[in-house]
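Below you'll find a set of structures to go through.
The two complexes that follow have chain A in common; it is paired with chain B in the first and with chain C in the second.
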Partner chain A sequence: MTYAIQRIAFSILSLFILLLTTFLLSHVMAGDPAIVAAGPNAGAAKIEALRQQMGLNDPIFIQFFIYCGSILRGDLGTSWFTQQPIAQDLLRELPPSLELVLLAMLINLAVSMPLGLITARYAHSKFDDMVRLVVMAGAGLPVFWIAILLQQIVAGNWGLLPIAGRLSFANRSFSGPTGFYLFDSLLAGNVSVFFDALAHLLLPAIALSLLFTAVGVRITRTSMINEFRKDYVTLARAKGAGEARVMFRHVFPNGATPALTVFGMQFGWMLGATVLVEEIFGRPGIGRYAIKAVTQSDIHAVVAVVLIIGVVFLVANLLVDILVYALSPRKQRAG
Partner chain B sequence: MSTLWTYARSNIERTALIVAALVILMALFGGLLAPFDPLKIDFRSKILPPSPEHWLGTDGSGRDVLSRLLVGAQMTLASTAVVLVVVATFGCAVGIFSALVGGAVDNMLMRLADVWLGFPPLILALGFAAALGASLEAAIWALIFSWWPNYARLTRMVTVDILSRKFIASADALGVGTGAKIFRYILPNAFDVLIVQVTLDISAIMLAISGLSFIGVGAQIPLPEWGAMIADGRSYVANGWWIVLAPGLMIFLTAFSFNIIGDMLRRELDPTSRRR
Partner chain C sequence: MTVPLLELRDVTIALRGSNRRMVTGVGLSVSVGEVFGVVGESGSGKTLLTRTVFGLQDDTYLAGGTVSFAGRTLPLDGYMKAARKLLGGEVGFVPQDPYSSLNPTMRVGEQITEALYLAKRMPMNGTATRQAAIDVLGEVGIPEPELAFRQFPDQFSGGMRQRIVFAIALAQDPKLLIADEPTTALDAITQRRVIELMLDRCRTRGMAVILISHNLELLRQSVDRLAVLYGGQLHNIAETAAIGHHTIHPYTEALFDCIPSKGKTLEDIRAIRGEPAGAGFGLKGCAFASRCRYAEPICVESDLPLNSAAQNGFTACLLGRGAPQ
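Right after this comes the complex of A and B.
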């Protein structure tokens, strides 16, 4: 219990620093917020009026508290380029991105976990050396470059998968309550839309997952190797447990937990990396929204994206840490 | 340099060393070797495939791709180097300070570093670019801002370990000053661990810089930064594959080589990862 409270306190501290960073970015570093808010063609009188209205003549820490207050009420300001409340924009753009990241994470886990386990079991074998080399190559791949090549070769030249977008033209009118098309289509019992959405997701998800999978394999391997060296493994073997039982019953559950922490962090990083992929595949989403906002110099929209990805990151880490804690019997006794 | 060569145990590692050396030479002298002006637009010779005159073809504005790669090496690698030098120096200072002072200050600094470490650098950089205006400098600042805690944490860990050794106790008994302790005992002993980390970070930072340039918040088109070159060539990928392939391959080969070298250095220098 103490652990949970400490962990939540840490998340709140993180949130505070995140808010401070976004405040500094949007209110201090970006220049006079009144000029920013007034838009490019405003006169001096309008700017001064806005300055009063926005409380910019108040001391900076009071401004910070006002800023935090409005964020906590869910008010992120209004975007110039969509002319809509930013919070509303983000709610619309988040589901497609989360859908992409979840699938990429699934690919990541499906490759990292077994490969990490096997290379740890057969550490320093020929196979391990080969995987290590592939992994180092993967960690050197520019995500956006691989995305362009996959799109051109797999979708463009071979025509195996759709080139861009979220759905085919025939399904363009589909929409659902959650905005997660994979989920919505199943909910509506529409299998063809499900596979259509999945086909559109596949290439971007693979491109997005490659770099993270490379790191994932290494982390899992390291963590599994540490498990294989422990006494209980020797004991299990001495008691005559088969190698499969040692690997899957003993080593895997124990070795997977520390790796989970890293995968939790990767979730937030992946959401950040959607800026490199969504634009290429013409998918709506938070990454594409962020790029559009940057090119339109819409500072508040950009900072809102920074904030929301930071929050997703904090929540993902909190959930994973509590999960890891719940899974680990040793910590339960100590806490 | 020759020490590095003796570390290499396989042809893959030797190749990586050669590639890395070539890329560094390219960054230093590439501008002198470029056969054409990397920024000169000539629409009459646009999207020419590789030929004896233009070894890597020309891009959508008729610029020589090879010349742009050679000149661009400097932008990509120099930015990476600047980020790493600043981040390692600053992180080291914070880490050593934190370990030496200890107690509540140490605890607070490391909590701060933990919080910081989390945020995706790419997104933070977007925020920086929006606040400062998009440029290579803004991208460099953003990466410095988000990367230093890695080094603060690492250096603190290593320093705490060094401080617990016997030679520090003897130095204390002899009345060695703090400054001398840092420069004569801590830094030399932490060097191996740090150099491994720096080498492994080269690829990550290079990918981040080129990624930022690709999405338009780092080096701006038409500058021949490798990521910006890929962004520029994107619309020609169907009929001019070399425009996108060449800079991407350069980024990949450089990052891959430094990953291999980092892995090799860790094996040779880091005692905790020795093969059993």
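Right after this comes the complex of A and C.
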């Protein structure tokens, strides 16, 4: 329990640093917001009045304090472009992205963990070399290229999966309370929408997961190889345990922990990597929102995206660290 | 003559891939209930020999010779698989380092019940299995075995952990226990206690033991017979009781000369000059010749004699020193 509290306190400190960074990004780097807000034809008096009104003449730490306060209240400012509260925009854009990232992460884990374990057991075999080759190719190819290729071949030539979007035209009116279509469709008991949404998710998720899977396989392999060398593996074999038992009952639980930490970080990185995939597959989401915001110089929206990705990163790592701790013998003894 | 429990004849072990011969022409036999020692410096091939013979070494293979267990000769084809079948039932194993030989994320109790399940098909969660595990923990001298059953390995000291590892092997009731440097990681007093306890429990149950160590003094006090390995060659098999009373093999003698003891002056303690030969010396010439004070030209020119009959006493010395009396 004390560990969880320490770890949460550490996350709050990280959050504070994240807030400070985004604050500096928007308030210092962006130039004088009053000039921008006043428009190109405003006189000096108008700008000065605006500056007073926007609180830009206050000491910087007071501005920061106000900034933190409004963010904690859920106010991320108003988009200069959509004229909507940014928080509302993000609430709409985040679920499709998270849905995509969660599925991509699931694919990543489902491929990396077993493949890492098996290549570690048969390290330096032909199978291991082959996996390494494929994985290196996967890591070396650009995500956008893979995405276009998948779209072209699997969706275009073979017609197996939809090319773009979140749902088919027939289901266009579907909406649900959470914005996670996979979840909402099941909630509504609408299985056809569920499979439609899943089909639309599959290619983008595969494209997104590829690079991360390449890293995931390597990390898992390294971590498992380390475990295979230890004496407890010899002892397990000496007890007469078969290779399957040695791998799954002994090596895997010990080797998975270090790998899990990396997977936790990958979650945040993935959210940042949705930018290209969402654009190519024409899916709404935080990545596409970020591109729009950047091209329109919508500074507050950009900062809000940075902030939200940072927060997701922190939360994912916090959860993984607590999970890793909960799985460790140290914790099981205390609790 | 009764059938020995374990018999090796001309056993040669080579590295996978390069086929380099690491251990050549080893012949020895261990009888039922015997406490047998294997001694050698680091790199002499003693660990490689036992680990390969019982299928626990991935990067080496049995390149020649025969291994028989309880009268049954193991096939050379698919040797590793056949040897592994002996583990967890017929043969038990205590690895070197007690700090890493227990699974850190598995409770001590489960590690023992798993052993009972694997050797005797006892159900892992059965009450009888649990009681058997607690009993064996008590037998190896773990205080509060019920509590220990629920604990994790990192809650125990090195000596206690080695007792737990030993308990795992003991639970399976093997005919032969192989202890590979079981106490090297422990301090001298704990070492003695753990070894004495281990040998006492094994003798009570009539288990044969192969005790591998570089600590000759420890072996002399605890084993019946001793095999001496050097550079991957078998140099000597001697009864421990005879050592010090007859001429002994020059390498064995040199090893004993290094041990300080009561009544020895500093001049009596002689270090062996030169660097130890690694495993993989082959059979051409005596690996020890370059460091031996009795060495003659024949020692580097002739092939080393083999103990092909796996006799109880044996010397590989080309000058005939240390031949069994």
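As a working rule, the second predicted complex is superposed on the first by the 316 of 335 C-alpha atoms of A that agree within 3 Å, B and C clash if a C-alpha of one lies under 4 Å from a C-alpha of the other, contacts with A are read in each partner's own complex, and residues count from 1 in each chain.
Note that in this section a contact is a pair of C-beta atoms (placed from the backbone, for glycine too) under 8 Å apart; a residue touches a chain by one contact, two chains touch by 3 or more.
Everything numeric in this text was worked out from a predicted model, so none of it was measured.
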*Is this a clash or a fit when chain B and chain C both end up on chain A?*
fit
_On the A-aligned overlay, A:52 touches which partner chain: chain B = first, chain C = second, or both, or neither?_
neither
*If you stack the two complexes on chain A, which partner ends up touching A:125: first (chain B), second (chain C), both, or neither?*
neither
*Return first, second, both or neither, reflecting whether A:271 touches chain B, chain C, both chains, or no partner chain.*
first
*Which partner does A:328 reach: the first (chain B), the second (chain C), both, or neither?*
second
*Once both structures sit on top of one another, what is the angle chain B-chain A-chain C taken between CA centres, to the nearest 10 degrees?*
80
*Once the shared chain is lined up, is A:317 touching chain B (first), chain C (second), both, or neither of them?*
first
*Of the partners chain B and chain C, which touch A:143 in the superposed model: first, second, both, neither?*
first
*Touch check for A:306: first (chain B), second (chain C), both, or neither?*
first
*Decide which partner touches more residues of chain A, taking chain B and chain C as the two options.*
B
*Which partner does A:230 contact after superposing on A: first (chain B), second (chain C), both, neither?*
second
*Just the number, please: smallest Cα separation between chain B and chain C in the overlaid arrangement, in Å.*
9
*Using the touch definition up top, name the residues of chain C that touch chain A in the complex.*
51, 54, 56, 84, 87-89, 91-93, 95-97, 100-106, 114-115, 118-119, 151-155, 165, 168-169, 172
*Using the touch definition up top, name the residues of chain A that touch chain B in the complex.*
10, 13-14, 17-18, 21-22, 25-26, 29-30, 124, 132-133, 136-137, 139-145, 148-149, 152, 156, 211, 265, 268-269, 271-273, 275-276, 279-280, 290-291, 293-295, 297-299, 302-303, 305-306, 309-310, 313-314, 317
_For the chain B and chain A complex, residues of the former touching the latter_ = 12, 111-112, 114-116, 118-124, 126-132, 134, 203-204, 207, 210-211, 214-217, 227, 230, 234, 237-238, 241, 244-245, 248, 251-256, 258-260, 263, 275
*What does chain A use to touch chain C in their complex?*
230-232, 234-241, 249-250, 253-254, 327-329, 332-333
